[in-house]
Amino acid sequence: MSQIRVERLTKHYESREGRVLALTDVDLVVGEGEFTAIVGPSGCGKSTLLYILGGFLRADAGIVEVGGRAVSAPGVDRGVVFQEYALFPWLTVAENIAYGLSTTGTPKADRAAVVERFVRMIGLEGFENRYPRELSGGMKQRVAIARTLAYDPQILLLDEPLGALDAQTRETMQDELLRIWESTRKTVVMVTHDVNEAVYLAQRVLVMSRRPGRMVEEFRVQVDRRQGREAVMLSDEFNRIRNQVWLTVRRQVGATR
Amino acid sequence: MESAAGGAVNAPARLGQSVWRAVKFTYPIALVVLAWAIAARSGWVRPLFLPSPQAVAEQFWPLLVGGEIVKPLAVSLWRAFGGLVLALVIGAAAGLAMARMRWVRWGVDPVVSFAFPAPKIAFMPIFILWFGIDDVSKILLVAFTCVFPIIVSTYHGATAVSRTVIWSAQAMGTSERTLLRRVVLPATLPYIFTGLRVTVPVALITAYTAEMVAGGGGLGSALMFAQRFFQTPAVFLYIILMLLSGVVLDQVMLAARSRLIPWQPEEDA
Amino acid sequence: MKAIARRWGSIAAVLVAWELAVVSGAVDPTFLPAVHTIAAALWELATAGEVWTNLLVSTYRAVVGLVIGSACGVAVGLMMATSRAANGFFGPLVAMTYSLPKASLVPLFILWFGIGDTTNMLTVFLATLLPVVVSTYHGVKAVPQVLVWSAQAMGTSRGEILRRILIPASLLSILTGMRIALGFSWVLTISAEMIASKTGIGKLIFLYGESGAYAHMFAGILAIVAVAYTADRAMIWLMHAALRWHDAAPAVGEH
């Protein structure tokens, strides 16, 4: 049974020049436990699509359903990680991670244990009482992910979560993300502009067209990730798919109206 | 996909838009005036305490003709501006000097630190003692009140001038004086202006308050005079005039800013 | 040690020059009493109690007006930032009354309430309202959208968003506005007292001036400056403590 279903989604937004069409007739189906990546040229509306899935924006037309029910507002079934981390600067690492627990009714007595488990999972023991301003980008991103996982949403929506990190930290975090997904098997929809990242992490890569965005092509990635990063990235299969995706995106970038 | 039509075809629409915007902006004030008029007319409060808007408006002409508006207003404005100009000259000079010369900073900084949070109006008796109750004491009080924010803004602006810009100029053989005049000052101008924009209302307020406290002509004295003789409509009128003078001045400042410093993007109030 | 010397050095220098100028006869002591005369007067005032009661009265008025003004200011600012209707209504009113010297309302309030605490506190209330409204409004408007969205995605209710997200996120702005309002509260309380009052430190120094007790007058002004300075420093300390997590908190040594 598919978890996310989008049909003929259309979205406008207001700009100084008037009404601009951001997404047009977007169709999308994501099954439970799938890791799906969405790539496309800048400004194609992939983040907008994610925000609609998250319930932060409303579609102008079309169907947006999660678990069979229409999406109209943000909810605890869909956890979101933003590119800017969006950590609450006035809360410590532990308090940030505990936030979702307080809103979903986890009894106070149990919260500390959950927080501790996640702090350990992201490898930030000893930093529980630090404030976000004392952390590096990579650390902040890990806290953001832990915060979203802590209250166990069924779906993860990731908006360029590693976009603000340097190349090295990025690779480390990608492996981290993969590890977390493999152990929790959540449904993940990740928006990224990095084709390598998309093919490395996802089982399915969807390519969007230039603005106004629509789904152009879908690629299934069947790569054995247990080989480890080096083997994967040097494998023929990975490179074949990656090249195809890259070419498709590139064609979208250069496409004329 | 945007339409290319515009210009003459849209003129009536644009006019309609401006009218709508004007209405949107003034309706709360109109509501307040309306509430005022209703309260006054209802007889629920005595006219001594709450004259009707009409009674207040009716005061305008006789006061104007009797010379009790233009002259006091001019006197107040003269004092406010005199003090402001003085504060500007001294403040900008001090701020620049503080930025460029360490010993000046060392000397002036503590004075500014102590003076900043202090209510400068408390020094009014000193100025009266030294200079009497006429123009001079008030101009100086205004200057004293306004100089500190200007010093601080100028100082921040001058220290914000990029080091590399200064080094480039110095490498090209610019003397300290020319450096100040042609590099630091223009770069600091927007900051001075910001300091000024905040200070202009303060200058006006200080002038009015000083007049209310110590007399000696000006709109503040006129206001106190009206109050002493229980001329409530005149009291209201003077308050409104003070308000309007502030609003007009602020608009003038904004206009002046866009003319004098066109390269700086405007920020919202 | 050096920091203290730097801070007080120039002031000490000024005081010394001042003292010398008067004692040497270069300056008429009627117009500028010598430092030691003022110090003596200050001592006298401090021990006599007259200054304390009046300072207390003024401080009481300023603080009450400030607290109520700040509370209402935050409330209005929050409303304006979260409701377009509220913004449409209060916005123009705020813009308009910004230019109004609140001291000009004192004569009107005297007409309505007579000379006394009410007039004074009402004036302070109105004066402190505006800076807090404006700074709260701008602070809340500047809260990054993704913070609110994250909170919503984690199930925060509408009412909670205000308390748990918007206020902490805009705290620096709000407190900065309160600091400005603090300054205003002194100015207006003193102004109102000087315009018309029976009690208060503003009235007191005016009385001293009128009766020729200039050394006492200077001493009284000094007392006001000291109180205002201390209050401001206390505010900075408070801000520092409440904003430890902020990456742009004011350093303790700032003015």
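The first chain written gets the first letter, and so on, giving A, B and C; residue counts start at 1 in each chain.
In this section, a residue touches a chain if its C-beta (ideal position, glycine included) is under 8 Å from a C-beta of that chain, and two chains touch if they have at least 3 such contacts.
None of the values given here were measured: they were computed from a predicted structure.
Pairwise, the chains sharing the most contacting C-beta pairs are B-C. For chain B, the chain whose average C-alpha position is most distant is A. Centres computed as Cα averages put chain A at a distance of 51 Å from chain B. Between chain B and chain C, the centres computed from C-alpha atoms are 19 Å apart.
Mean C-alpha position of chain A lies 48 Å from that of chain C. Residues 51, 54-56, 73-76, 78-80, 82, 84, 86, 88-91, 99-100, 103-104, 131-133, 147-148, 151 of chain A are the ones that touch chain C when the two sit in their complex. Only residues 144, 146-147, 149-156, 160, 165, 168-169, 171, 244-247 of chain C touch chain A when the two sit together in their complex.
Per the touch definition, chain B reaches chain C in the complex via residues 24-29, 32, 48-49, 106-126, 128-130, 152, 201, 204-205, 208-209, 212-213, 220, 223-224, 226-227, 230, 232, 235-236, 238-239, 242-243, 245-247, 249-250, 269.
Chain C meets chain B in the complex at residues 6-11, 13-14, 31, 88-93, 95-101, 103-108, 110-112, 182-183, 186-187, 189-191, 194-195, 202, 205-206, 208-209, 214, 217-218, 221, 224-225, 228-229, 231-232, 255.
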